[in-house]
Each structure stands twice: as C-alpha cells, then as structure tokens.
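Both complexes shown next keep chain A, but they swap its partner, so chain B is in the first and chain C is in the second.
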Partner chain A sequence: MKKKRRLVIRPLRILKHLILILVSFVSAFPFYWMVSAATNNTADIILGHIAPGNYLLQNWRTLTESGRIGPAFYNSVRNAVLLTISSLFISSMAGYGFVIFRDKWKNRVMGILMLSMMIPPAATLIPLFRMFSQMGLMNTVLGFMLPSVATVFLIFMFRQAAQTFPQEIVQAARIDGLGEFRIFLKMFIPVMRPTYAAAAIVTFMNAWNSYLWPLVILQSPEQLTLPIYAGSFRGGYVLDYGAIMLVVTISTIPMLIIFFTLQKSFVQGILGSVK
Partner chain B sequence: MTTHAARKPAGLERKTARKGWLFIMPAVILIVMMSFYPMVEAFLLSLQTGTGNNLTYKGFANYERLPKDNTYAAALGNTFFYLIVQVPIMLLAALVLAAMLNDRRLMFRGFYRTMIFLPVATSLVSCSMIFLQLFTSNGLINSLLLNWGWITEPIPFLTNAVYARIVIVVTMLWRWTGYNMVFYLAGLQNIDSQVYEAARIDGASAAQQFRKITVPLLRPIILFTTVLSTNGTLQLFDEVRIMTEGGPGTGTATLSFYIYRITFERVPRFGYAAAMSFTIFVMVAVLAFIQMKVGESKQ
Partner chain C sequence: MKKLFALLLTLALLLGAVGALAETTITVWCWDPTFNIYAMNEAAKVYKEINPDVTIKVEEVLSADCETRQTAALSSGQTDSLPDIVLMQDNSGRRFLDTYPGAYFPMDGLVDYDNFASYKIDKFTSDGKRYAVPFDNGVAATFVRTDYLEQAGFTLADLTDITWDRFIEIGLKVKEATGQFMLVTQAGYADFVSMMTQSADFWFFDEEGKPNINNNPAVKAMVETIVKLHNSGIVKEAVDWTEYIASFNNGTAGSTIQGCWIIGSIVLAEDQAGKWGVTNIPRLDIEGGVNYSSQGGSSWVVPASSKNKEIAVDFLSKTFGASVDFYQTILQSSGAIATYLPAAGGPAYAEPHPFFGGQKVFEDLMSYSDKVPLVKYGVYNYEARDEIVNAIEAVFNGATVEAALNDAQSAIEFIME
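Here is the complex of A and B:
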C-alpha cells in the first residue's frame, strides 16, 4: 500500500515542479531581458543578443542628453506621492466614518457610492476633460489627482478594516474628552497601519502606472511622466532600443522596491478587503 | 437602537452621528463630482452632434449612427475577443497556480511565488514596450527563431491582425496572472488544511480536490476577480496604443482606443465619442450584474 502511494505521487511532484519552473521562466524572462537590453546597443538587441552587454553608460548618456528622464522621474514620483497621501487620508476618513457613525442614511449613501464602481473611467474621460479645461486644471497636479482621490475601492477596504476596530476604544477616548477627529488621527491610523500599507501600494501602483488620464490632462512637456515618456518612443524615426529599455527599467525599479519591502502587508490588506 | 437607552445618550449619539457626516462628506462630494456628474454629462453630450465645442441637440442621432460604424463594430468585436479569450484563461491559470503553491511542503514555494508575481511590478506601458520589442519584426523572438533556422522569414506578429490580437492577449496574461494568483493564495490561506487532509484520506485526486474544495470555497474571491478583470479588459487601452496603434487597420483596436482617437487625435467629435462611452458603461453594468447574479445563485 505504502509503496504504491509513493509510485503515484512522485511523478506528479516532478510534473508540478516542471510546470512551475516553466511558468517561472516565462514570467521572469521578459523581465531579465528588459534589464539585459538596457545594457546593450540597438545592433546587438536586433541580433538577438540575450546576455548583458556594456552599453549601460552609453544608454544612460543618451537619456540624460535628451534632458527628459530627470523631470519625468520627478513628476512621476511627485504625482504618485501626492495622490497616495491625499487619497489614503480622504478614503480612510470616509471608511472610518461609515463604520463608527453608522446609521441607516449612511448605509444608503454607501450603497449609492458602490454604484460608481460600475462607471468605467473611459466613459467619464470626455466630460472630465472638458470640465477640467474650463476650470483651468489642465497641466496641473490637482487636475491629475482629482478624479482618483476618492475611490470606492479604498473606502470599501477601510470600511472593512474599521469594522475590526474596537468601538470601546472610541468610547473611552470620548469620555477622556478627545475630539472625534483626534480619535481618528491618534487611535485609528496607528492601529490600522497594515491596511494603510496595502492601500498605499495599490494607490501608488495605479498612480505610477496611469497612462490614459495623464495623456489627456498633462499634455505640456513640463508635466511629462515616465509612462508617457516611455510610450513616446514608439513613434520615433530611429529607435534606440537600449535607451528605451533603460527608461522602462528605471520606471520599474521603484515598484520593485515597494513590492519586495511591503509584500507581506500587501497580501494582508488584500485579504482584509475581500473577506 | 434599544428601548432601554436613556434619553440623553441617545441625543448624544445623534449628535456624534451628525459629526460622522464630516468624515464622509469630502469623499462623497468628490465621487459625485468626478464619477456621477460626468456620467450624466456624458449622457447629455451623447445627445448632441457637431465638432469641437459647436454642439447642438439631435436626440439619439449618435446612437443611431453606431450600428453603421464599421470601426465601432470592429472595436467592439476585438474588445469582446480579448474579454472572452483572456479573462477565463488568466483566471483559470491563476487558480491552478495558486492551488499548486498552496502546498506547504512544496520545495522552492517562495521562489516560484516571487517569480510569478514579478510581472506585476511593470507598468502597463513598460510591459507593452517589452513585448513590443520581443515580438516586433526584428525583435528577439523572430531573431532567435531565424538564428535557430526554425523559420526563414520573420513572423508578422504585430502586422497580422490575428497574430497581433494573440500577442496582446499574451501580454495581458503575462502581466496579470500573478496578480490574480495573489488574491487566490490569500483566500486559500483561510481554508483549513484539514479539509484537504480529509479529502486525501477519502481518496480524492488532486483534480477532484480542486473542483470540489478549492473552487467552491474561493467563489467570492473568484467573483471579485472576475468583475475586476472584466471591467479592466473592457477598458483596454495602454497595450493597444503602445503595441499596435489599433492596427493593422482596425485589427486590434478596442473601444477605449477608438474613443480616444475620435476625441483627441482628429477633429474632436465629443458627442459621438460620448455615445460610445455610454455603451461601455452599459456593458460594464450589465456584465457585472450578470456575474453577481451567477455568483449568488450558485452559493
């Protein structure tokens, strides 16, 4: 009996590892190639050269000579950081408010807000563009931020988290004479740090990657962001593949750092939001 | 509220409840201004025709034009092609991978998970650029196949409509499978491993365990990821704009791409574009509704 079981399980194990190795390879290879191509020149890349080369500095010089990589990086960081901070603040405040001050009317409001998840950004693009150009918000950080500062996804996530926050703490703090807003700032935010971390990753990633809205609202060259810069190489006459891949690599590094330092809280926060 | 509650605390509670609106209002106002109001505006716009800002009300003229617009039909067809091909393959692959990685005794488990999650770190523009370089006529895939002598001339991955659609699907699969897998892995951690132990003792095969335990217990998360991916795919834009510009012809164009085109790349026809946007809204709403009904009824 025991012998038979071993015979059945072992080939399955090996098959499982083979599948996982194959999938890992397919996942990692384009990634490896992105970094490797950033160190090669166009001729080698076209010839199918896979190993890293020694053109990294030259590619870097090509980028810095155009003078756009620095500002694009700065704009991307600034936009994403500002959006993440304000979005976390406003959405968590709402999520907290829906739970701690629960009543029938607020539940109805939440129900209506949930409907906005059905509204695709592509559908509101044109009205928002017209509204923002009338309000003089073109080419401003505020214009970039406003449509995604308050999202139902985040409010929902914080609402779920707030349900695990003990009401007794709130009541005790009230008796001690703490104002409602102070209770939120001094008690809720520190306790909910894992949820904030997960929400920050999701928001930062979306802001960092966003392409369509910046393409519409941030049309001036001074407001250039990394995705738009990377995308702009597409229509060029002579494509410098090495330089392109260096831009792509540079715009990926911050996300990599964030993921691997905060991976645990990302999964935790996601778990909390789907429960 | 219970009848035992004394009057004063009840009054106090109402007072604090009122303060609660201050916490909620900023978000509510923003969502109304940035989502609901533009949606109404889009509908009003869709009833007007003209170019630029010279618009006049023409009833449902824009909607009547839609069925006769070949580009719209092509974009609609492509969008549904991506939806029907990509979403099921991706979610099934993510589920199977998550089920494989859920085994605590599996060697190199963390390594596999990290590798499969890696693509999520690239932005959609970055991953489109990478796959553009991989599959372009003088890109890596063609170079390697030529070097190895497997083909004699480059495969037109991005200039043949069918190939190009498949390359876009492959790009999306690469970027999103690991992302969805993390949701399932997180969900699987909530399932008691004793359930699987018991099934194994009863002689259930791996496939049976997957069908009878994993899928049913993950149903809420599967529903959640299905709605998210459907919504995302219906709005597909970045990959198409970067990799093919909708081409060859209209071979890979999506609805979002076409809307962007007629709004920002030629003489803007806001009314017509708004009518098209509104059809996306209706489709997203209907599909989400159906998916939720299906998800509930099987529970």
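Here is the complex of A and C:
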C-alpha cells in the first residue's frame, strides 16, 4: 500500500522545487562565475567564456608580483578580528546594561542612539577624519576601530536578546554574591552564544568589507586592506578581469570560513535564541 | 657619561640634518601600474640623472580614492596626509580648484606651458593661474574596422572629415553589407554627450560657469544627432563597459568613437590585427563644428601643503614637461600618448602601427590634439552630463527636445544652488 505514494504527482511541490532550483541557480551562478573567471584571462571573460580556463597561475602571478596581496590579507584579517572581538564585547555590555539596570532615561537614550543610525556614514567622514588625524591616530588599528567599536545596531541587537534573558538568573547570582561584571561574563555571555555568533558574522563582514573609512584613515601603503587592494585593479584604462576575480575569490574565503563555522548559531541567533 | 651622551646626541642630530638635506622623497599618488605608474617610475629614472638626491615614491591609489582622500584632507584642514604629487582626472580639475582655493600650487613660470595642447591646460586653470602638468591625452578619434568599410565599398578617407549625417549613411551601408553594427557605445550615450558638445566649441556651462543647456545650439544639435543615431539602428548600445569592449573585440560592432586611450582595449583582439584604422570624429553640422574633441585624460597636480612643492614641480617640468625621449619610452612600453606636443616629432610616434595596418596612429592622434576646441569645464561636469543623458532618454520616450532640455537646465540649476 505504501508504495503507491510514489506515484502521486504533486504539481504544487514540483512548482515549489522549480522555483527553488531557479532561485538557487540565480544566487549560486555568479559565485561560480567569479571562481571560474579567476582561472581565465581578460579577453575570454569579456567574450563570455564561462567554463574554467587555465590562466589561474598567470592571474596569481599578477597578484603576487606587486607583493601587496599578502600584507593586505594580513591587515584585513587583523583589523576585522580585532574589531569584531572588541565591538562584540563593548556593544553587548551596553545592550545588557540597557535591560538589566533601571534608569528612567534609558529608553530615551536608546531612542537617541537609534536616531543616530539615520545619519549616513559619509556625512561623519570629514569630522571623524579631522578628529582622528589630530589625535595622531592615522595609520593605526585603533584609528580604524574606534568609530565602529560601539555600533547602535549591535547594541540594539543585544538589547533585544537581553530582554529574553531571565532576570531571575541575575537576581540569584547577586544573592550568591557574584559581582555585576562577573554576572555578565559568566551568566550572560554563555547563554547568549547564538546571538554572539550572529553578531560576530555581521560585524566581521562589515569590518571585512569596509572601504571608505580605512581608505582615509589607513593611508600608508603598509596599512593597505584587501577591498582597497581589490579596488586598485579597476583603475586602469584596460581592466584585468582575471586578476580582479582571483582577488575577489580570495577575499571571500575568510567570510566563508566564518560563516560555515558559525552557521548553526547564526540561524538561531537571528531567530531570537533562548527559549 | 653625560658628556658622552651629549656628544652622541649632537652627532645624531647632525647626521639627521645632513641626511635630510641630502635625501628628499617625493610621494606620488596615481593608479594604473601599466600606464601612469609605469610612466611615473620612468620619469623618476630620468630625474635621477638630473637630481640624484631626490627619490620618487609612487603609491598606488585608485583615482576615485585619490579624490576621496583629498576631499577628506582639504575639507577638514588636515593636509599632512596629502602626497607631493597627485594625478587627477581632467574632469575633476575645476571642481577641486574652485572648491578649495589655495589648496594647490600654481606652476606659472615654472613649467613651459607653450608645449602642451591648450585644451588640456585649461582644465586646470583657475583665476588665470595654471595648476597642473598635463599627462595623458584624451583626444577623441574614430577607431574603425577597415575591412567592414571595404565590404561596403568605402575607405578610411570616406570616413574622414565628415558630418554625423554622413556617418549614419555610411553606417547603414556597412550594416547592410556586413550584418554588423557600425558603432558601439554604452547605453545612454554619455560619452557622446560631452564629446559632441565639445567638438562644436561649446560646453554645458557658459563663460561665467552658469548652466548653458536649453539655449545651447551645440547641445541641441548633439541631442538631435544622438536621437538620429539611436533610431538609425546602426548603433549597438552596450549595457556596461564589459559588453562595450566585447562588442568591438568580437566584431559585433565595426567602430568606436572614444578617447585615444581606448587603443589598449582594441589591440586585445589579436586576431583583428591589420583590420583597424584611425581617423578623426564626425562633426556636428552647425557653425563652429569641427572633427576634433576629447574624452577623459588626466594631469599632475601638486598640493600646496607639500613641503617639497618646488622640487615636485621641478621634477614634473623637467620630465613630463621637457623630455621628448621620455615620451618615446613610455609610448613604446605602455601606449601612454602624450599631450606634450614636441613628443610627436620623436621616432616612436612616427612608427607605423602593425595592428592598424601600418598607419602612423600616434602621429595622427597627436596632430588631432592640437585642434581640439578649448572649452571651459565647470565644477558640475558629470552632473550636467547625467541630466542631459536623462533628457535624451526622455526624448527617446517621446518628449520634445526643447521640453527635455528645459528640464535638464532647471535640474542642473537646482543642483548648483
């Protein structure tokens, strides 16, 4: 009897799968093309050659010739990792504080913070540049990190997460004599791991992709980051698409690693964690 | 012990001072390793002979990024981060000079400007002072497949010194004979908007810098010509830069009309060697219309904040502003076509170009650059161009030329308020 089930054709399901296949193709194909273009030369790419070619080594040589890809990769990883760690720590502390402690102004303060999200980053660029260059923070990691070490988005995200955090735990811990900072460290952080994972991915991605701020604050060639290096390939009258695609492929690798290691927690974190 | 320390300190200071005297480093921002960075490094070699104590340090910074950094530094007044020399797009010259008066170092009397094409110098002239050493040439030309022309019974000479109407006539015959498009450009015709207007000795702004669009005979003729081109069916309208290049590399289109720097992309299609020719561009059929214009190009400027600005200008004037030999070297290796007119007399410029069937392409291009109408660029060149591109789109969709240009005029007036 059970075998009969196989014969049932469900048009709706077929349609659903067709749509899903189409959507996966649309989102996966550019990715495939990027990787395969990294193995072709410019002329082939322009003429729409889609299959992998054998110019990978030549493109690699173009990248390594200038000796800039290694340092750029290192700088980008260093900047992104440092920013992610410090910004997660500071923003989550703020979000936690907004929920756990009582203050009649705190909602208004949060409101003002939310309003500041509406200021486009380009508008604050020049004042920030003036401040930071006067403080002597040009070409330093600190100069890169400080403006985005506490972001409203993360504070908001952790505030929402902290609202689901049981107050009883905090109270019990206080009665048992645990200090406020250690409550945060030992109680809040472990429970909120999925939120941290989601926040880590978002922060790392923003830091990894950031262009405008590093461009003006990290001007010395020694502080070059990967997006700016990749951008330098589109400057010429004749573009080397093979090299561009290879550098872009390389620069997606860390993001892929981060995403796949944190994937499970990421989905949980976005869905709202702690049940 | 104290004495020894003091002695050492003095010695260190002295050595430091001597070192500073002997060694000057000039930092340069530019962006293309095979083109302007290469040229800069070659110039550094030439200058090493003249002044061995000066080191030229080239930093690769994308053109848009150079502008972002200059905007940040000049707006905030923190100019320490600026280099001694920056390469700047000709289209941006007026914007930076007018927005930040005093931010750049005038070079009058230090550079021999008589040897440069005047249309280039004017793009970096503000209040009668000249602020740049012109670098690469943006002179416009028609690059065309001579084999396509032959199939339709034409030669390169038939395409020389003609009007746009004649160009369309020839294009229709070429399309009939070959089945391919006569011309390729990026959809929107943005390149043609500026090239055609300049070829009739007009610009989007008048002498005082006010928008001059709806009462401008050249703009009107330009829009009408573009509409004719669009309706004729001889133009392949490429969606982006890649498709634009691909269209002539794969033979879909028989010509392109562009700044001469496009050569680098044309010669990529090695299988088409010998099948290309170069001639001047078609002209607008109005009074003052000529067969010459320009598109793109860049120049070297020196920020006034530079501590070594005199040396920087001396370096520029003795290399980019004085050496015919230097221009021969960079032409051969990188295809960087000069705006330094005496360079055309050098041997590399007289060399027949095999890809263009032995035509002396560079000599021809140099002869065009002296005839490019000198128009006064404004601060909002790109904005005005984009408004006109929108107007043309409106005309394609049925609006009248007058109405569309009136809209463009008020839009750009609004932006400039």
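We adopt the following convention: the second predicted complex is superposed on the first by the 237 of 275 C-alpha atoms of A that agree within 3 Å, B and C clash if a C-alpha of one lies under 4 Å from a C-alpha of the other, contacts with A are read in each partner's own complex, and residues count from 1 in each chain.
The rule is simple: a residue touches a chain if its C-beta (ideal position, glycine included) is under 8 Å from a C-beta of that chain, and two chains touch if they have at least 3 such contacts.
It should be emphasised that the depicted structure is a prediction, and the values quoted were computed from it without experimental measurement.
K.L.:
Put chain B and chain C onto chain A via the superposition and say whether they clash or fit.
P.N.:
After superposition on chain A, which the two structures share, chain B runs into chain C.
K.L.:
After the superposition on A, what does A:12 contact: first (chain B), second (chain C), both or neither?
P.N.:
First partner only.
K.L.:
Under the stated touch criterion, which partner chain does A:221 make contact with: chain B (first), chain C (second), both, or neither?
P.N.:
It touches chain C, and chain B stays clear.
K.L.:
Based on the superposed arrangement, let me know which partner A:190 touches: chain B (first), chain C (second), both, or neither?
P.N.:
neither
K.L.:
Please work out whether A:177 is in contact with chain B alone, chain C alone, both, or neither, and reply first, second, both or neither.
P.N.:
Neither partner.
K.L.:
Just checking: does A:103 make contact with chain B only, chain C only, both, or neither of them? Give me first, second, both or neither.
P.N.:
In the superposed model, A:103 contacts chain B only, not chain C.
K.L.:
If you stack the two complexes on chain A, which partner ends up touching A:133: first (chain B), second (chain C), both, or neither?
P.N.:
In the superposition, A:133 touches chain C alone.
K.L.:
Quick check on the superposed pair: does A:234 touch chain B, chain C, both, or neither? Answer first, second, both or neither.
P.N.:
In the superposition, A:234 touches chain B and chain C alike.
K.L.:
Given the touch rule stated above, what does A:28 touch, chain B (first), chain C (second), both, or neither?
P.N.:
After superposing on A, A:28 lies in contact with chain B but is clear of chain C.
K.L.:
Kindly classify A:147 by the partners it touches after superposition: chain B alone (first), chain C alone (second), both, or neither?
P.N.:
Only chain B; A:147 stays clear of chain C.
K.L.:
Tell me which partner touches more residues of chain A in the superposed arrangement, chain B or chain C.
P.N.:
Answer, by number of touched residues of chain A: B.
K.L.:
Of all the chain A residues, which ones make contact with chain B and with chain C?
P.N.:
The answer is residues 45-48, 125-127, 129-130, 212, 215-216, 228, 231, 234, 241 of chain A.
K.L.:
Taking the touch rule as given, give the residues of chain A at its contact with chain B in the complex, in rising order.
P.N.:
Within the complex, chain A touches chain B at residues 12, 16-17, 19-20, 23-28, 30-31, 33-34, 37, 45-48, 50, 90-91, 93-94, 96-98, 100-101, 103, 106, 109, 113, 116-131, 146-152, 155, 174, 180, 184, 208-209, 211-212, 215-216, 226-228, 230-231, 233-234, 241, 244-245, 248, 251-252, 255-256, 259, 266-267, 270-271, 274-275.
K.L.:
Which positions of chain C touch chain A when the two form their complex?
P.N.:
On the chain C side, the touching residues are 31-35, 59-63, 65, 68-69, 71-73, 75-78, 80-81, 241-242, 245-246, 249-250, 261-262, 264-265, 268-269.
K.L.:
Of all residues in chain B, which touch chain A in the complex?
P.N.:
Touching chain A: residues 16-17, 19-24, 26-28, 30-31, 34-39, 41-42, 45, 97, 100-101, 106-108, 111-112, 115-134, 138, 140, 143-144, 146-147, 174, 178, 182-183, 185-187, 189-190, 206, 220-221, 224, 231, 234-235, 237-238, 241-242, 245, 255-256, 259-260, 263-264, 270, 273-274, 277-278, 280-281, 284-285, 288 of chain B.
K.L.:
What residues on chain A touch chain C, complex-wise?
P.N.:
42-43, 45-48, 66, 68, 125-127, 129-130, 133-134, 138, 212, 215-216, 219, 221, 228, 231-232, 234-239, 241
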